[in-house]
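Here subunit A shows up in two complexes: once beside subunit B, once beside subunit C.
So, the complex of A and B:
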């Protein structure tokens, strides 16, 4: 019943899209109609999609297995929370969520842009409706969440247990808010460009959307990363896996856009950059959905899927790119003042330099992600690109990047000398000596690392001193930059000081290495509602005689019948102790991994700090 | 002579061009060094030259082939035509089972022994890595 309502609401929603398109075209120059008629219509469209989404959630809660999506992804014994989160834990439901956010955002956009020009608002609405119609057709044609199956099965297939997790329950909605937010930026940039409306006021108004999308995207990636850390049991937080890269690429573009939009707002420069980045960001967000859902990416994250869907998104994606390039080449007025407006020492120049670095990082990730697909198509040779590729190509270039990031904020707009030269030099000497001290004491072998550490410290000290001295002035930027330096420091120290032991143990066994003694005390068995749990008790003694009790868990879910490992993590301010236990073919040996990961908490905290920079910027007047 | 502005612009364009070429070269070079090829057991048996680089081997874990002791795990990867012994120390994903698909990453010791440093996890019991599928179909 709920499915039936949901399906019909979806069709009504699709029809309302056409009605909205029709009304906006005939009332293009009539200001009264927009606020009186069209805004209520977009609200109605949102309500239709919302009802449809609600219908799906209710089908999930009620375990209505006549619905194919519910049958494939749910089970009666699943806890209520995961029944609800299961709604978007699958392809069909997650697309419905995309659509829901799309319609919500355009409604909010129309409400929030009342002081903007009418044509601009209507044109943005039209571009947005093109995207919305595309998603409606995609959803109804290739991946309807409301397919009916008969005879009605008694029991569903269940949700993949690794997805039954609080962080992953909210990861897709948060990430999608970021992804879909870029669609508004895209439509708005296209419409502003066609109407030659790109101005300081426009920059100021779209900035809110840029920051909001960026905050959600960052948080979404953070959640996914935290989940991978404790659920996948590899003890890392980033694997350069294609599916992760796909979310990182729009993040690079969006971060660059944040900086460009500030230049546009202050100096009316970098117009082309802003436009191109707006288009790029949304295209990358769409490709993200395409690559993840089409099954083209050969990834550890890949779930079973269907090629027809991939083809549809690909065609849709190319039409959007084609449309935006067409508008770009025919409507965009180049900046005529380009030549004489950049002085070498100015804020905008350092931002421009880092734009190019960001684009370089983006291209590296793009090449690493797409090259295997490309090679497979042309030569059917199967390859994968490993983390060393990314490290080698990105890490050295972080040095000039960090320098521009440190010096840039100290410069003024238009043209400036370096004020406070002595301060800058003193801080640089402090950072350099600190890094030399660390490098010598820890015997880090690479020159590159020591230079990198020096520059990270440099950024760290400069941002910190600015944060303390200037207080509220430029608080957002200093917070974000300080967070970034802290983030890099945590990653570097994390990788240098990490320690791990991997071994296979039976109950009662003791493993002795140079640094630890691990004793497998016992294995306890417990029965839960939808899984059976085995909890191991390990006693770990280090060289100084301190002991630690670790209790990693192994779960065997009944539907689907899958084993998962729940890592046991002891977190404190400076270090994480991490243990997982894996089953090998029901043999008596268990596969054990014990890791000491310093500064893990700081990696998460520093990302939150970067996000808080964005939040401050969003809420200051 | 050309004016200062024209000269400046010329150098600007030239330097951008040089940087572009350099970075493309850099990317391609490190791509070449860091790419890991995927092979099936048959491809390893039949290839004329011995692979020294890092490789991925994929296929089925042969029935009753897993041996485990406190130091290492041994098993046989098969594509039903040829097989290869894998010696592995490290973390095993939970979906690693006899009769199921597997992808191992590491180096060849000789044509019959493969020293793995990583076994790739899968997240879905019904999911078969595309390379393994292709290897099974004997492509």
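So, the complex of A and C:
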């Protein structure tokens, strides 16, 4: 029943899209009387999709297995929370969620843009409706969440156990808020360009959307990363997996866009940057969806390998790309530079420098992600691009990037000298000596490392001192930059000080290494609603005689029958202790992995700090 | 002229992207290992596990001997299972077993060998997995039988009784 309502609501939603499109075209010549019809209509569309989504959720809660999506992804023994999160834990449901956010955002956009020109709002709405219609057709034609199956099965197939996790339950919605937010930026930039409407006011108005999407995108990536850290059981948080990369690429573009939009707002410069980045960000988000969902990249995100779906997204994606290319080249007129020239030593220059570095990082990740696909098609050779590639290409270029990030905010618009030169130099000397001290003491050989650490410290000290001295002057930027330096510091120290032991143990065995002793005390068995759990008890004794108890867990899920390993993590301010155990086939011992990972918490906290910079910017008057 | 140039270039680039994506949609992304037999072995420099000396592959591999290159790692569980077969093969007089220690920590690797025994004549280190990529490895474990600088046979996954018999037959 709920499915039926959901399906019909979806069709009504699709129809309302056509009606809205029709009205916006009609009203375009005479836009005075628009508001009265259009806003309620978009609200209605949102309600339709909402009802449809609700219908799907109810089908999931009620375990209505006559619905194919529910049958494929749910099970009666699943806890209620995961029944609900299962709604978007699959291909069809996640697309419906995407559509829901799309309709919600365009409605909010219309509400929030009342003071903007009507033509502009109408055109944005039109572009957005093109995207929305694309998703409606996609949903209804190739991936309807409301397919009926008969005879009705008694039991569903269950949700992939590694997706049954609180962080992952909210990871897709948060990430989608970010992705879909970029669609608003995309439509708005295209319409503003076609109407020659790009101005300081426009920048000010679209800035809210840029920041909002950026915040959600960052949080979404963070959640995914935290999940990978404790669920995948490798103890890492970023693997440069293509699937992670496709979320990182729009992030690079969006972060660059944030900086450009600020310049545009203040100085009416970098128009082309803003437009191209707006297009790029959304295109990258869509390409990400395409790459992940079409099964070209294999991962937990690949829900179904159906080439028809892949083909649809591909055609849709490239139609959007060609549309935006056409609009860009047709309407774009070059900036009149002479009015707005700026000197070499100015805020504008430093932002431009950072833009180019960001684009470089973006291209590295793009090449690393796409090159294997290209090579496979062209020469059917399979390669995999791993962390060394990214590290080698990104790390050295962080140094000038960091320098621009440190000095840039100190400069003024248009033209400036450096004030407080002595301060800058003193801080630099402090950072350099601190870094040399660390590098020498730890016997890390690389010159690069010491320079890198020096520059990170430099950024850290300068942002910190600005934060303390200037107080509220430029709080948002200081917070974000300070967060970034903390983030890099945590990553570096995390990788330097990490310690790992991998061994096989039976109950009662003891493993002795230089630094600690691991004793496998016992193994307890428990039965839960939808899985059976084995909890090991390990006693770890370090050289000073302190003992610690670690209790990693193995879960054998019944539907589908999959074993997952739940890491046991002891987190405190400075280190994480991380232990997983895994089954070894046909052997009585278990494979134990014990890791000491310093500053893990700081990696998460520093990202939250960067996000808080965005939040402050968003709510600042 | 210049005004036309950029749109054409961009359109062209994106058309290429479209074609590549379209083709890769049809490709199966399940690895179908192309067995690189009768291919010349790649050259590489590598450090050793037990000695400090770096080895250059062109100097190391002699033309008149058989080598079994085995990619392994202490964290790789199938490697433990195939270890017994490597030990078996290490008794063969005209076969040198070359270990390539893949993305491993030296301490763990040594511990692994202490635990299970060391069948290798020499062990190269591949901490970043780069040498393994050059060999065309898909994962650990993998083994390559080499004669006259050519890969004669490639075994993906752990060695088994039947592959040991085949190797013994090939080196006769």
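Keep in mind that, in the parts below, the second predicted complex is superposed on the first by the 606 of 621 C-alpha atoms of A that agree within 3 Å, B and C clash if a C-alpha of one lies under 4 Å from a C-alpha of the other, contacts with A are read in each partner's own complex, and residues count from 1 in each chain.
Just so we're on the same page, a contact is a pair of C-beta atoms (placed from the backbone, for glycine too) under 8 Å apart; a residue touches a chain by one contact, two chains touch by 3 or more.
Predicted, not measured: the structure shown is a model, and the values here were computed from it.
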item: Simultaneous placement of subunit C and subunit B on subunit A, clash or fit; value: clash
item: Subunit B versus subunit C as contact partner of A:532, first or second or both or neither; value: neither
item: Touched partner set for A:311, first subunit B, second subunit C, both or neither; value: second
item: Touched partner set for A:589, first subunit B, second subunit C, both or neither; value: first
item: Which of subunit B and subunit C A:329 touches, first, second, both or neither; value: second
item: Subunit B versus subunit C as contact partner of A:119, first or second or both or neither; value: neither
item: Partner chain(s) touched by A:290 [first = subunit B, second = subunit C, both, neither]; value: second
item: Contacts of A:580 with subunit B and subunit C, given as first, second, both or neither; value: first
item: Superposition-derived comparison: subunit B or subunit C, residues of subunit A touched; value: B
item: Which superposed partner A:383 touches (first subunit B, second subunit C, both, neither); value: both
item: Touched partner set for A:68, first subunit B, second subunit C, both or neither; value: neither
item: Subunit A positions touched by subunit B in one structure and by subunit C in the second; value: 295, 298, 380-384, 386, 388, 502-504, 584-585, 591, 593
item: Residues of subunit B that touch subunit A when the two form their complex; value: 5, 23, 26-27, 30-31, 33-38, 54, 56, 66, 68-73, 89-98, 120-127, 129-131, 134, 139
item: Touch list for subunit C against partner subunit A, complex; value: 6-7, 10-11, 14, 17-18, 20-27, 29, 31, 34, 74-75, 77, 80, 105, 108, 111, 128-130, 133, 138
item: Residues on subunit A engaged by subunit C in the complex (per definition of touch); value: 290, 294-298, 307, 310-311, 314, 318, 321-322, 325-326, 329, 373-374, 376-378, 380-384, 386, 388, 500-504, 584-585, 591, 593
item: In the complex, subunit A residues that touch subunit B; value: 160, 162, 232-234, 295, 298, 300-304, 339, 360, 363-364, 367-368, 371, 380-386, 388-389, 392-393, 502-505, 509, 511, 554, 560-565, 580, 582-585, 587, 589, 591, 593
